[in-house]
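In order of appearance the chains are A, B, C, D, E and F, and numbering begins at 1 in each one.
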Amino acid sequence: MIVDTLTSPIILFFVLGFFAALIKSDLSIPEAFGKAMSIYLMAAIGLKGGIEVAEAGFSVQLAWAALAGLGLSFLLPVPAYFLLVRFGGLKPVDAGAVAAHYGSVSVVTFVTAQEILTGRGLEPAGYMVAIMALMETPAIISGLLLLQGKKAPTPGVPKQSTTKLLHEVFSNGSVILLVGAFLIGMVAGKDGFAPVKPLFDTGFRGVLCLFLLDMGLVAARRLIQSRKLTLPLIVLAIAMPVMNGMIGAALGVAIGLDPGSAAILAVLAASASYIAVPAAMRLAVPEADPGVYLSMSLGITFPFNIIFGITIYAAMVQMML
Amino acid sequence: MVDTVIRKRIEIVIDTPLIPIIINMIKAVDISGWSVIHVDSGGGRDGEWQHDDVTGAAAKSILLAIASDEKAQALVDRIEPILETHRLLLTVGNVQVIRGDKF
Amino acid sequence: MIVDTLTSPIILFFVLGFFAALIKSDLSIPEAFGKAMSIYLMAAIGLKGGIEVAEAGFSVQLAWAALAGLGLSFLLPVPAYFLLVRFGGLKPVDAGAVAAHYGSVSVVTFVTAQEILTGRGLEPAGYMVAIMALMETPAIISGLLLLQGKKAPTPGVPKQSTTKLLHEVFSNGSVILLVGAFLIGMVAGKDGFAPVKPLFDTGFRGVLCLFLLDMGLVAARRLIQSRKLTLPLIVLAIAMPVMNGMIGAALGVAIGLDPGSAAILAVLAASASYIAVPAAMRLAVPEADPGVYLSMSLGITFPFNIIFGITIYAAMVQMML
Amino acid sequence: MVDTVIRKRIEIVIDTPLIPIIINMIKAVDISGWSVIHVDSGGGRDGEWQHDDVTGAAAKSILLAIASDEKAQALVDRIEPILETHRLLLTVGNVQVIRGDKF
Amino acid sequence: MIVDTLTSPIILFFVLGFFAALIKSDLSIPEAFGKAMSIYLMAAIGLKGGIEVAEAGFSVQLAWAALAGLGLSFLLPVPAYFLLVRFGGLKPVDAGAVAAHYGSVSVVTFVTAQEILTGRGLEPAGYMVAIMALMETPAIISGLLLLQGKKAPTPGVPKQSTTKLLHEVFSNGSVILLVGAFLIGMVAGKDGFAPVKPLFDTGFRGVLCLFLLDMGLVAARRLIQSRKLTLPLIVLAIAMPVMNGMIGAALGVAIGLDPGSAAILAVLAASASYIAVPAAMRLAVPEADPGVYLSMSLGITFPFNIIFGITIYAAMVQMML
Amino acid sequence: MVDTVIRKRIEIVIDTPLIPIIINMIKAVDISGWSVIHVDSGGGRDGEWQHDDVTGAAAKSILLAIASDEKAQALVDRIEPILETHRLLLTVGNVQVIRGDKF
C-alpha cells in the first residue's frame, strides 16, 4: 500500500517539493498562489461535503462523529502537553502551544487522505469535512487552559480577554470558509452545484498536486532552518501522531463509523495544525517560540503523515474491524 | 521656504500576527496613524526566513509611525516590557515634517 | 425569483464573504488572486461576446444598443450630480466624483447578471459585453465636465491636460482587455476558440463564485470602515441604481432589444464602477474624498445590485414589454 | 575609511494612484531616482485600510528618494501646497551616503 | 502559415499584451499570477513529456536529441560572443552575458511552438521537454568560461566558487520542476495521470493564452524602457535566433528526428532565456548590464520568435527534409 | 523612561538577485540580522522599472540592517568597492535603540 501511495502523482509532487528544498533549489511558489490554492481546496471540499450530506441526510453516525471529533480536539492536547514537558523537556508555554497544534487538524493532510482512501475504495462519508471544521479550534482553547497560570502576565499588556479569543477562534478564516462552503453545498444540492462543478470537482486533484509541491518546499525549508529541534522533540513529532491516530481509529471503530470515515477520523486525530493554530498561538502566547511548534508540526509530523501516516492509520482501522 | 519641525520616526520589525497588539498601543498613546510595510525575508539570531510560506505565522512586517517626541516616548515605554518576549526590533529616528501639529 | 437567486451558489458565496467580513473574520483573498480572477473573467466574457458576434454578425440592434449605452454613461451622471449636491449634501468635487461612478459600470455586476438571466432563459445578446466596454469611460469625462470651474487649481500643480486624461480613459486596462478579448473572439470564431474553451468556458462559474466571495469581503469591509456615509447618501446609493435601472430598462425596451439584453442594459445603467472610475478620479480630482465614492458604490450599491437589483431590473423589463 | 557626506532621505506615504504626480515633481527638481515601497495596511484619521482590495483606489505606498539638501528643499516646496488636499505624509531625515556627488 | 499563426488565440493574446503596453495602458498581470502560470505550465509539459516517454520507451533518437541539445546549448554562445563583441560593439562582460542567454532556451517559446506545431500535425516527440530541461543550463557555464580572465575580480568580494555556481545551475527552480514533473509523469504513467489530467491537460491552452498576454506586456515594456539597444544589437537579436534556428534545424534533420521534433529543436536553439539565465548572470557577472541582455532576449528575440520565428524554423526543417 | 543608545540604520537599495552577496558581508562583519523590504517600482539613471515582471532579474529590494557604529563602518568598507559595479544605493542614518548591546 505504501508503494501505491508513493506512485500517486499527488504524493510525488510533495516529494519533489521536499527534495527541491533539501538540495536548496530556488524553486518557490508565490505566497499568493499558495493561499489561493488553499482557499480553492477548502471551498471545494466544503461544497462536496455539503452536497453529500444534502443527499444522505443527517444521521446518528454524523452526531457521534461530531462528538468524537470535538472530544478528540479538546482532549488530545492534555497527554501531549505532559509528554512535551516531561519527555520533550519543553518549557510550559512552549509545551502548551505545541499541544494545541496536535489537538487541531491539518486540512491538507485531510484532503490528501481523502484522495488516497477514495482511490482504495474507502471513501469517507461526506460529513467528515464538517467534523474537520469542528476539530480545528477546540484544541486552541484547550491549549490555553493548560497554560492558565503558567504564563506570567506581561506588565502593561492587558490580558487577552476570553470572549475576544473565542471570537478569534470561531471567526477564523478557514473555519468560516469550510463551514460556509459546506452550508452552500447543502443549500445548493447536486443540481445547484452542477454549474460550478467543473471548477471545483474536475480541477481538484491537479490543484492538490501543485499545493503539495508547495507544502513540500515549505515543510523541508522549515526543517532545514529550524534550530530548535532536539532528538526527544523529533521522536515526539512522530510518536504523538501515531498515538493520536490510534486513539482516533479506535474511537471511530467504537462509534460504528464505516472504515473510510474511521480512517479519516484517525488521520484528523493524528494530524497537526500549521495554519490556524500557529496564528492563534502567536497572538495569545507570544512568549512561546514559533520555531518549536512550526518545526514539529510542519517540518516533521506533516511529511510523516502524508508519506507514511495515512497508510498506517488506514491499516490500524482495518485491523480493528 | 516651508517651516518644518522635528518629529520621531518609529520603526518596529515585528511578527505580522503581533501587529494588532502594537496598534492597540499606538491608539492608546494617541498617535495619529501608522503604516505596515511588507517585509519579504530576513535573518537574525533565529535563522533566516522567507515570507512565502503558507502558515503566515512566521512572516514579519515593519510598523512605521511618525509621532511627537512625547507620544513616541510614551509608545516606547509601553513597548519596552514586551520587547524581548515578543522579539521586536524597535528603532527611533529624527525626521523633519511640515505642519507638525497634526502628530 | 429572489429565492432562486438566493440559492444560487454564486450569490451564496457573495453572502458568505459579506457575512465573514461583518463578523470580522480574518478570511482574506490575496490581492494577486483577486486581480487574477478579474483578468480571467474579463478575458472570458470578452471572448464569449466576440464569438457570438462572429456567429450572429452585426445588426441594427447592436448599433442602437451601442448608442444607448454611450448615452446612458454620458448622461446619467448629470441628474446624479444634482441629487448628490442637493439631497446628499456633498461638496461639488465629491458629487462630481460620485456621479461619474454611477454613470460607469461594474463588470462583476454584469457577469453575475448574465449568469442569473441565462439561468432563467433570458440570455442577453453576445454584443452586450462590447456595450459594457463602451460604457466604462464616458462617465469619467462627463463627471469631469461637471466639475469644470468648480475645482480650484492647486498652485504648483499643472492642470491635467485633456488629451492625457482621454488617453488614460481609453487605455484603461479593463477596457483594453475586454475589447481585446472581444476582438480575439471575433477573429478566432467558434473553431479557433475550441482549444481554449475548457479554461474560459468550463471554469467560468466556479471562478465567479470565488471572485464574489472576495467581493463580498471587500464590500462589507468597505462598509464597516467607512465613516463618511450619511443617511441621505445611503438612500441615494439605493435610489440612484433603481432610478438608473429604470431608465436603462425603458431605453432597452424602446430600442427593441430582446428581454435579456434590455435587462442587462438596465443592470449596466444601474451598476456603479469601483475599479476604473475610482482610479481615474483619484488622479484627476485628488481633492475628492475616496471614502465617499468607494463606500457608496462598493459598500452599498454593489451588494444591493447583486442581491436584489438584478432581479428588480429584470422584472422592470418584463413589466414594460 | 570611506568618505561620506550628508544627504536628505525623503519619505512620503501616499495613495498609490497619486504616485505619478510626485514622480513628475521629483523629475522636475532633478532628483536622480526614487523607489516605491509596498505598504500592506495602515490607519489614520480616516480609519484603517488593507491593501488586499480589488479597487486599488485606496492602496497606499511609500515613495523614497535620496537627494541633496537643495533638491530636497525644492521638492518639499513643490509638494507643500498639495500636502493637505492629496493627504500626503511627508518626512525628511538625514543620512550619510558615499560618493554624494550623484545625488 | 503565418496567417494561421496570427489567428490563433494564443498568439493574439500575446499581440494584445504587446499592443496594450505600447499604447501605455495600465493593464498589468500581478507578478504572483504570472509566476503561478509559469509553474503550472512547466508542471504540465513535464508531466506530459514523462507520460509520453513512459508509453514510447527510450529510443536511440532520444539519446541523439539529448546529445544535440547539450551540444547546442554549450556551443551556440561561442559564435554569439564574437558577433556581439565585433559586430555588436559590446564590452566582453556584456557580450558573455548575452551569449549565455542565446545558448539557453525559453520555456514559453517552446510551449507555444509545441501548440502551433501540433495544430499543424507536426507533434514533437514527448521527450523533447526533457531535452529542453537539459538545454537550460550548459549555456550559463559556457558564457562564464568565455568571460574567464576578462572579468577583473572585485576587491573584497571572493570569486564565486565553481562548485557553488554548478549547484546554482543544477538546482535552478525551473530545471527541478521540469525534470521532476517529467519523472513523475514517467512513474505515474497514463493511468496514474488520469485523475490529475483535467487540470493539467484541459486547462493548458487557456492558461497559455493568459500567460502570453502577460509576456506581451512584459516584452513590450522592456522594449520601451530599454535605452541600451543600438541598431547593431537589434539586428543581432533577430539574426542570432535565425542563425541558431538554422543550425538546430540542420542538426535535428541530420540525427534523424521526426519533422516535429527537429522543428522544436530548431526553436530551442533559436530561443533565448529570460528567466534562468538573467538570474544567474546577475549574480555571477553583476558588472554586466541587465538592460542589455533583457532588452535583447525579452524585448526583441522573444516576440520575433513567437510571431515569426516558429513558422520560419518549421519551414526550414521541411525544406531540409 | 527607558535608556536608549544610538545605532546605525543601514539601508541599501539593491537588485534582488544580488542580495545574497550583501548578506554574506553582513554575516562576515557579525551584524546580528537584516530585513528585506519589498520595492514595487522605481526609477533612476537607467529608466523606470516595475516589479511585476516574470524575469525577476530586474526586481529591486531594500536591505535594512541595524548595527553598531563599528560594524556599520566595517560593512560600508566592504560594500564600497562594489557600489558602482553592482549599482547599489547605500545610506546610513542614526537611530535610537533600546538595549543596544545586542547590535
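Keep in mind that, in the parts below, a contact is a pair of C-beta atoms (placed from the backbone, for glycine too) under 8 Å apart; a residue touches a chain by one contact, two chains touch by 3 or more.
Fair warning: this is a prediction, and the values are worked out from it, not measured in the lab.
S.K.: Give me the set of chains touching chain D intersected with the set touching chain E.
M.R.: Intersection of chain D and chain E contact lists gives C, F.
S.K.: Counting one step for each move to a touching chain, how far apart are chain B and chain C?
M.R.: 2
S.K.: Which chain is most remote from chain D in terms of Cα centres?
M.R.: The chain farthest from chain D, judged by C-alpha centres, is A.
S.K.: Taking shared residue numbers divided by all residue numbers at the interface, is the value for chain A and chain E over half (same) or under half (different)?
M.R.: Answer different: the two copies use largely distinct residue numbers here.
S.K.: By mean C-alpha coordinates, which chain is most distant from chain E?
M.R.: That would be chain B.
S.K.: Cα centroid separation between chain C and chain E, in whole Å?
M.R.: So the centre of chain C lies 40 Å away from the centre of chain E.
S.K.: When the C-alpha atoms of chain C and chain F are each averaged to a single point, how far apart are the two points in Å?
M.R.: From the centre of chain C to the centre of chain F is 44 Å.
S.K.: Can you compute the centre-to-centre distance for chain B and chain D, using the mean CA position of each chain? Integer Å is fine.
M.R.: Using C-alpha averages as centres, the distance is 18 Å.
S.K.: Using the average of all C-alpha atoms in each chain as its centre, how far is it in Å between chain A and chain B?
M.R.: Averaging C-alpha atoms per chain gives centres 34 Å apart.
S.K.: Using the touch definition from the top, which residues of chain F touch two or more other chains?
M.R.: Residues 37-38, 93-94.
S.K.: Could you list which residues of chain C touch at least two other chains?
M.R.: Each of 28-33, 35-36, 202-203, 279 in chain C touches at least two other chains.
S.K.: What pairs of chains are touching here?
M.R.: In this structure, the chains touch in these pairs: A-B, A-C, A-E, B-D, B-F, C-D, C-E, D-F, E-F.
S.K.: What part of chain D is in contact with chain F in the complex they form?
M.R.: Residues 1-2, 4, 7, 9, 23, 32-38, 61, 64, 66, 93-99.
S.K.: Considering only the defined contacts, which chain A positions touch chain C in the complex?
M.R.: Contact set of chain A toward chain C: 30-33, 35-36, 39-40, 43, 47, 167-168, 171-174, 176-177, 180-181, 184, 187-188, 192-193, 195-200, 202-203, 279.
S.K.: Using the touch rule from the top, collect the residues of chain E that touch chain F in their complex.
M.R.: 28-31, 34-35, 38, 154-157, 214-215, 218, 221-222, 225-227, 274-275, 278-279, 281-283, 286-287, 290-291, 294, 298
S.K.: In the complex of these two chains, what residues of chain D are touching chain C?
M.R.: Residue list for chain D touching chain C: 15, 17-18, 20-21, 46-58, 78, 81-82, 85-86.
S.K.: Report the residues of chain A in contact with chain E in the complex, numbered from low to high.
M.R.: 7-10, 12-13, 16, 19-20, 23-33, 36, 115, 119, 202-203, 205-207, 209-210, 213
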